[in-house]
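In the two assemblies presented below, chain A is common to both, partnered first by chain B and then by chain C.
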Partner chain A sequence: MQKSMKKYFALFALPTIIAFSVAFVLPFILGVYLSFTEFTTVNDAKWVGLSNYVKAFSNQDFLNALWFTVKFTVVSVLTINVFAFILAMLLTRGKKGTNLFRTVFFMPNLIGGIVLGYIWQLIINGVLYKFDLTLTFDPKYGFWGLVVLMNWQLIGYMMIIYVAGIQNVPKDVIEVAKIDGASRFQVLRNVTLPLVMPSITICLFLTLSNSFKLFDQNLALTAGAPAKQTAMLALDIYNTFYGKTGWEGVGQAKAVVFFVLVALIALVQLLITRRKEVES
Partner chain B sequence: MNKLKKMLGIMLVFTLVTVLAAACGKSDNSAAGENGAKGEGASNGAKEIYFLNFKPEIAEVYEKIAKDYEAETGVKVKVVTAASGTYETKLKSEISKKDAPTIFQINGPVGYQAWKDYTLDLKDTKLYSYLSDPSLAVTSDGGVYGIPYVVEGYGIIYNDAIMQKYFALPDKAVSISSASEINNFATLKAVVEDMTAKKDQLGIKGVFASTSLGAGEQWRWQTHLANLPLYYEFKDNTEFDNTVLAGLAANEVQFKYADNFKNIFDLYTNNSVTKGALLGGKSVADSMAEFALGQAAMVQNGNWAWGQINEVGGNVVKAEDIKFLPIYTGVNGEEKQGLAIGTENYLAINSKVSPEKQQASIDFLEWLFTSDKGKAYVTQELGFIAPFNTFNENEKPADPLAKEVMSWMEKDVTSVPWTFAAFPSEEFKNQFGDALLQYVQGNQSWDEVVKVFTESWAAEKAK
Partner chain C sequence: MQKTNRGADTLIFLILFLLAVAFISPILIVLMNSFKGKFFISDTPFLLPNSETFSGLSNYTSGIAKTDFISAFGMSLFITVFSVAVIVLFTSMTAWYITRVKTKFNQLLYYIFVFSMIVPFQMVMFTMTKTANVLNLDNPIGIILIYLGFGSGLSVFLFSGFVKSIPIEIEEAVMIDGCNPVQSFFKVVLPILKPIAITVAILNVMWVWNDYLLPDLVIGSEYKTIPIAIQYLKGGYGSIDMGAMMAMLVLAIVPIVIFYLLCQKYIIEGVVAGAVKG
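For the complex of A and B:
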């Protein structure tokens, strides 16, 4: 079997490889190439060297968006994972109605980002109107609005992953720890956490990359208002590409920088958390 | 067993090859079909053209026109409409496709600069010769690249029923007795402020409908209202024939009439239905609804807004009560100022599609603006004031705002041209709009707004 697998490897892998290169590798290479050119549509590019990257980094909007994104990511990764883990702990105790609660918490994840953005815009504006304010009055409203939205959407999803992880922790190990006189906190700290490390890795990865490349929710909730102060990286790239005539190449350059950043952060995080994983 | 495996393997390979062959064969077929169509096209003209529409509010009418045209000539018109505020985005992605739009729109000389590689010279078309004023077209080096198809006007729309109610009040603070006597900013201000004081008697929530400043909803201020101070500023520059040319040549602006802009903008926001801090959440549709429901007496917008006023559920405004007033800002001699009249919609033909498709596109446009059926659509359903001499006196739109625009054009006043055709970019307008939002929310002083205006003009021009 092993031998015939090897023999036919190319045959079985070929369709996927073709699809992958047509849908991903080629556009990616074209995208990187375009970031060194000036163009209106992708068919008429003119080589300009590094000047797009220079423009991108001397562009205040881009740096603001970067800083805003970093702040947002730190806050939302922390809150989402903490809440999701607490919920998962609560919902693995075999209490009545566990399944109903799991379903309810998971449901927000089924709604698309644009819809969520508009719904939360209505909710938040509805509250702020009482104080004669709107979401666009101050960037901090937009920031916390995004954090709340993102939490609401992702906590349920991460919770499910944590639930799966926690259920995999062998009961006898916890029993033994308890017999040895470990407190609840000690059990959590020294038994449960190390054993659910694979779940933590995957949840951190998902929240981190999702927060970093957030777009729909940002566009629908604030669209960057006021004065682009709540625009995140993806939205800034979109605005540069489509909003400024002659800046398409710069938008492309920003997108390449963006890709490198997301890839780097995700890889570093995976390396760090993988190392903490233990075999149960 | 081994034999079976081998057989299975061979069968799999066979299936794969068949699927692949089928997939390739299919694309071959379609290519052949297209070639066939092209071959046919050489003798009969293209069978399908693609019109990328700019105005979402009239998308349905274009669908009807396309159906009629196909029934009459056999040429299919594919109409795609970009959502409000996304035309450039849509155009950019559509035009690089294989099936690119054959007819698209550019928004004047600045738009032409972005799309000049794609626009066909229309100098020799009949369509161009039908223009009642050929100077309206977008031209460059003797070529004609954009043909205007609609003239529009904007100003302050008012509800005369509410105004008459006000002027009938015994304790009104002004001496004039009808809205048509308002002919400068001082009078307008006196009337508006007195009306605000008596808004409970008049049964309105505010004199002006909301000043929409949400993202993508700011164009009435960062473009239309900004047109006035810049029109006066460029008019002072006598080196140029018209203000658009002066604007295109200006690498910097002083925003000399900034105080005039502030006059009218403050008047709008201080006497509005909505408080300043809430304006970031308001849209144009909100403010048109407020006007249609009789909650506000005035709103700044153009004749295209008639549909929006007319279609609001619970609309209380009668067609005969809707009138226009020019936007007065306190400039000397503004008693002679009329509405702002012009166009930013120019039809262009894609120069990169096949000559048959180009010709078919031109034929369609000529049909639309010259045939009886086409003209009936243009005047009655699209509601365009079309700038072509193929339209008779009795073929003019019937909606009250379009009629008002035409009557203002005949009055003894100077219409303000749409100088914003010379604004450097969308980015400039958006930065100014954002600054206006910050100003009404009290986060920025007026001086900072002026600074943003001049600096972003210079920055966008420098690129």
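For the complex of A and C:
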């Protein structure tokens, strides 16, 4: 069968490979190369070694964005997963209207990031206006605004994954634990949580990478204001590319650093998952 | 025992109900404000429109005119439908081929596809845009190829996982019966792939329809999709027409909510299935 299929390479694999090379492989390789050069139009690239990376790490905007992104990611990953898990527990316990609630809680996830940003800009400014303030008055408003926005967007998504995980926990295991005299909290800690570990891993990964790579919501909600203090990494890289002439190489170096960070997060996550799989 | 259960059920229902109301309220607040005069929106966003602030459909008419919403809607629809169709068709073929024909090259290819899933867009943002310019792909047709390329990692990965679970004997039997690979793919394999194809389609619809940066950089100044039109409406330096903005937000939300309500079951199943990629 392999033999007769091999002849069909051009039909089955080539279209995707061509598109993949144009949209990903080539730009990726070119991107790594350009991070070591100074350029404005690709054709005039001059090799400058590591100087772009040095500039990137001595750039205050980049360091601010990095710190802001890390802080935001930690807070939003924690809040989203705690709330989503509690909601999933409630939904798998109560019986009335389960489907309706699932539909409602998931809905914000379908709305695009730009639209989400402007929805929350209206609401948060509406509240702050009562105190004669605006969203861009202090970076802490932008920070917590993004946290609330991300919670609103992702709680439903993670809840759906947790619900699937909780429903897979065999009922008799919980019954046995209860008969043995385990309290509700003990059942949750020692039976339910270990058995939904795969869902927890997936949700942590999804919230982590989504929070870390956030762009649209950041652009629409504050666009980094005041004074770039609420700009996350993705937005800072965008601003470096398209806002500062002559800094394209530095922008590309920042992008490479960003990629390495995201890859590290994914790798660590994968290693942890593997270890969990060995245990169970 | 049963009585307390019923009591607990009702309490949980009430809690969930209140949370659900809180969850929908941001959308309702935007809807409410889309019928208010633009100067009243920033001051009193949480009050219902009254005789003084009600402005009828004027926000909608001015917003549609300012953003050229009809053509943005058409552009979003065109790009989403064709990109997703192309992605589902070609990545399912590729995934089947590289899973069944086990060469070194195909295995390497598979790992590069998987690798591409973790690469953030910013890494290729600048160089991909330049490549698209050089190859004349900076138009609504060309961007479909870009979407196929950048979206193929996740889709190939999901399809491959599913193909591995299909017993190869079915395909061998079909080929012994005289079908060539093209016939066996379209007549036998593709129908088996239907559930994962729906998942792939849904995940890609959610991505392409809402995507802002890629279309903005590749075709944005000439052809605007809905997210780009909304971002342009904001314009420069706070001169934003809040009324038109509210109306456009409503118009951007409506199509996706209708899509969601129509294929809810598939979307929720698809999200669970797609989550396995972690």
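Here is the rule we use: the second predicted complex is superposed on the first by the 248 of 280 C-alpha atoms of A that agree within 3 Å, B and C clash if a C-alpha of one lies under 4 Å from a C-alpha of the other, contacts with A are read in each partner's own complex, and residues count from 1 in each chain.
Please note the rule applied: a contact is a pair of C-beta atoms (placed from the backbone, for glycine too) under 8 Å apart; a residue touches a chain by one contact, two chains touch by 3 or more.
None of the values given here were measured: they were computed from a predicted structure.
Trainee: State whether A:P226 touches chain B only (first), chain C only (second), both chains, or neither.
Mentor: A:P226 sits against chain B, while chain C stays out of touch.
Trainee: According to the stated criteria, A:D44 is in contact with first (chain B), second (chain C), both, or neither; which is it?
Mentor: Only chain B is touched by A:D44; chain C is not.
Trainee: Does the superposition put A:N125 against chain B (first), chain C (second), both, or neither?
Mentor: both
Trainee: Look at A:G142 in the shared chain and tell me whether it touches chain B only, chain C only, both, or neither; answer first, second, both or neither.
Mentor: neither
Trainee: When the two structures are overlaid on chain A, which partner does A:G249 contact: first (chain B), second (chain C), both, or neither?
Mentor: neither
Trainee: By the touch definition at the top of the document, which applies to A:Y8: first (chain B), second (chain C), both, or neither?
Mentor: Touch partners of A:Y8: chain B and chain C.
Trainee: Specify the partner with more touching residues on chain A, choosing between chain B and chain C.
Mentor: On the superposition, C touches more of the residues of chain A.
Trainee: Once the complexes are superposed, what residues of chain A are shared between the chain B interface and the chain C interface?
Mentor: 4, 8, 11, 15, 42, 125, 129, 248
Trainee: Which bits of chain B are touching chain A when the two form their complex?
Mentor: 5, 9, 12-13, 16, 88-89, 92, 95-96, 113-115, 117, 213-216, 275, 277-281, 425-427, 430-431, 434-435, 437-438, 441, 443, 463
Trainee: Quick one: which bits of chain C touch chain A in the complex? Just the residue numbers, please.
Mentor: Spelled out, the residues of chain C in touch with chain A are 8-10, 12-13, 15-17, 19-20, 23-24, 26-27, 29-30, 33, 41-46, 90-91, 93-94, 96-98, 100-102, 106, 109, 112-113, 116, 118-128, 130-132, 135, 137, 145-150, 152-153, 156, 168, 171-172, 175, 180-182, 185, 206, 209-213, 226-227, 230-231, 234, 242, 245-246, 249, 252-253, 256-257, 259-261, 264, 267-268, 271-272, 275-276, 278.
Trainee: State the interface residues of chain A toward chain B in the complex, per the touch definition above.
Mentor: 4, 8, 11, 15, 40-44, 125, 129, 132-138, 222-228, 242-246, 248
Trainee: Using the touch definition up top, name the residues of chain A that touch chain C in the complex.
Mentor: Listed in rising order, the residues of chain A that touch chain C are 1-2, 4-6, 8-9, 11-13, 15-28, 30-31, 34, 42, 87, 90-91, 93-97, 100-115, 118-120, 122-123, 125-126, 129, 152, 156-157, 160-161, 164, 201-203, 205-206, 209, 213, 215-216, 219-220, 233-234, 237-238, 241, 248, 251-252, 254-256, 258-259, 262-263, 266, 269, 273.
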